[in-house]
Amino acid sequence: MYVAVKGGERAIDNAHEWLAEERRGDTDIAELSIAQIREQLALAVNRVMAEGSLYDPDLAALAIKQSRGDLIEAIFLIRAYRTTLPRIGHSKPIETSDMACDRRISATFKDLPGGQILGPTFDYTHRLLDFKLAAEGKAPVAQTRETDVDRMPRVTDFLNQDGLIQTETPTDTSPPDLTRQPMQFPAGRPLRLQNLTRGDEGFVLSIAYSTQRGYARNHPFVGELRIGRVVVEMDIPALGFAVDIGEITVTECETVNQFTGSKTEPAQFTRGYGLVFGQTERKAISMALVDRALRWEELGEDNMGAPAQDEEFVLAHSDNIQATGFLEHIKLPHYVDFQSELELVRKLRRETADATKEAAE
Amino acid sequence: MELRSLSGGFENAPIDASRAFRAVLNAMARPGVIEPITGAQGPAPMSSAMATVMLTLCDPETPIYLAASHDTPDIRDWIAFHIGAPIVTADKAAFAIGTWDTLCPVTQFPIGTSEYPDQSATVIVDVEHLDQHGATLRGPGIKDTAQLNLPDVVAFQMNAVLFPLGLDFILTAGDQVAALPRTTKVEVV
Amino acid sequence: MSDYNFAYLDEQTKRMIRRAILKGVAIPGYQVPFASREMPMPYGWGTGGVQVSAACLTPEDTFKVIDQGADDTTNAVSIRKFFEFTAGVAVTEHTGEATVIQTRHRIPEEPLREDQILVYQVPIPEPLRFLEPRETETRKMHALEEYGLMHVKLYEDISRHGNIATSYAYPVKVEGRYVMDPSPIPKFDNPKLEMAAIQLFGAGREQRIYAIPPYTQVISLDFEDYPFDPSKADHPCDLCGAEHTYLDEVIIDDAGGRMFVCSDTDYCAGRQADGHRGRLSPIQEAAE
């Protein structure tokens, strides 16, 4: 005899208990500390901070621990926490020209003032599994030396001096904030950049890659990629001046792209821009390519109908928290809607059968 | 800033605001219904109901227009302290407050655009009193007809013609609130 | 109660949502954009409804949550617990006792009263979205009241299937102006959209809130020669015998055996408590 399914509440509690046990794993193995995650899985921490839109390595590390290493789940935890935080004020724009760089490379010039600094990169490592790492060894130490460089001018500034690259006009207007106002289209570049810097790394990478394969190709060169620490300043109205409130690590990428021009306008290179929390250079480069592709209208290019040129398509689908939530919601019961479809299909089949029968008679 | 501008806020903001919102929601969803509303006190001549509605709905993201009757230093200070909303000209207002006469002509407020009819002003009017006698109201939220004393008729009729654009009105008196959304059709009996 | 603010959301967020709700009520059927917040449950799992409920609840409320008509489905339980914890409100499974009801995919069978609010969780608020994926385009269509595309779609259904092939999320026109998605309720529920309670719709991921005030005209789109038909399974409930309710089909064995039961579990239980019995009622003393 049928009895309706009951006990959802108990099932949920039991599932949560089981999850907690699985998260911890074998208790004979030492538990991970937040500090271990923060220090040794720093690039995962960086991604969670970037896509979670919250610069806090300890909280990001905690989220990674709680989410069992599922980074999208960790980003979700950070986002949900972030929305509960009060807004005390707004910082001044960070000045990346004053960055203390750990890494700074340009693909467009062999050498340049300030020099090329490879920094801690995977780039020229041979991707061979290092079995020595499996055994806990002693801590590697890198050589250091004092730098004699005090400023690292931007590559795009060199080009701009000669008018070879399009000038970005500074403005004092506050950029919109998609976490405070609903998205409206057309969005405009500041909102696009905010969307992309929070966007899913995989999504932004794939859209960027599609431009390289010819879907709105824009001939990008990495004009400059820099990673390092910048000071965050905030105006304190009561004091009447700005104070340092801390330091963050960011990755900035400026691409130099195909030129525009006409008979009347001299030819000029164009730019794409990426800026992301933490050491996140794949994301920053991808962001710059997608930013550049989305600027087609402003730069007088043709709409090739490519996904990367479609602002609404890119911005509406870049957020992995929105995407994963909606995707996974199809796990929820849908038997009411399904039932109405079932009734309809039965009705249509019945009508077709009747019509066939009539025709046969 | 005068000391009296610092008082008159909610005692328990989340709870007071939740009750006040339900009163406003009910009023807006059922034109003609008069709801009690309490929680805040603004400087004279602002009614307690108006002060409560403002604390419930206004904040730094909502530009406010002050009609002459309510454009006093005390009210400006009170808004600066409790709400933090910018005071703006009529054409930029998300909310407009005042007595009916000083708010007129209400055509000076934004009525939204055809793509975003929600980007229109909400006008909060302090009236002498509210009672369910007067103009006949018809439209969404009203089962057959309702009645409400209104400070005007023609202005509300003209507003309803603009639908889906138009203004939405919240009427306040003492510690009572009623509302007249743009969908309500007003007739004199 | 918890350390979080009453009903979880901060006051500024609630004010923003409350303003959107009021504009929604003032422009019935129009989707008001709002800056939806990340909630501690995933997008697509009722975050829009949860934000609307959070903005509406007062400490005096009695809250009910249903998913597919049932109070005991896992997501309904999860949302109910969330508000028990963050707002400390009383909860109930009885439609008649509730003042605020959050729902996914159903309207309760028991007619709602003037002192009640029904909050719908909405996945895709735009009724034209599956005909035109671009927000910039659909917004223009609503602005110009250009709903030809929807009628063409329904008409194509008829020429292909002999029937309008939409069985849930069936589009309606509100107060003669906006075409609106009533959320994925079965079309059986559409006639109930004209009711005494306030109906609020929240779409979190899509950042839209819309509303139907009480006693507002809501018409399901149709054609003169193909009038709207709110049909349902042609069976009585096998537990309570009701002939007028929306039914779930339950497979009871692997030989094609099935039974039909009310999807509104509270309504069905109420009828059984009143002595109504269906064909397969487990309550033995009532067996006829």
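All chains are identified by letter, namely A, B and C, in their written order; residue positions are counted from 1 within each chain.
As a working rule, a residue touches a chain if its C-beta (ideal position, glycine included) is under 8 Å from a C-beta of that chain, and two chains touch if they have at least 3 such contacts.
This is a predicted model, so every value here is computed, not measured.
The touch graph of these protein chains is an open line. The count of contacting C-beta pairs peaks for the chain pair A-C.
Each chain gets a centre from the mean of its Cα atoms; for subunit A and subunit B, those two points are 42 Å apart. Distance between chain centres (mean CA atoms), subunit A to subunit C: 35 Å. Between subunit B and subunit C the centroid-to-centroid distance comes to 30 Å (mean Cα coordinates, whole Å). The multi-chain contact residues of subunit C, meaning those touching 2 or more other chains, are 33.
Taken residue by residue, subunit B touches two or more other chains at 61, whereas all remaining positions touch fewer. Contacts with at least two other chains are made by residues 180 of subunit A. Those residues of subunit C whose C-beta lies close enough to touch subunit B in the complex are 5-7, 11-12, 14-16, 18-28, 30, 32-33, 55-60, 114, 139-140, 142-144, 175, 177-178, 196, 198, 211-217. Subunit B meets subunit C in the complex at residues 13-15, 17-19, 21-22, 24-26, 28-30, 56-59, 61-62, 113-118, 120, 122, 140-143, 163-164, 168, 181-183.
Considering their complex, residues 1-9, 11-12, 76, 79-80, 82-84, 86, 178-186, 312, 316, 321-322, 324-329, 332-337, 339-344, 347-348, 351 of subunit A touch subunit C.
Those residues of subunit C whose C-beta lies close enough to touch subunit A in the complex are 4, 8, 10, 13, 33-40, 42-45, 47, 67-70, 72-78, 81, 104-106, 123, 134-136, 161-163, 165, 167-169, 184-188, 205, 207-208, 231-233, 238-239, 246-250, 252, 259, 261, 263, 265, 280, 282.
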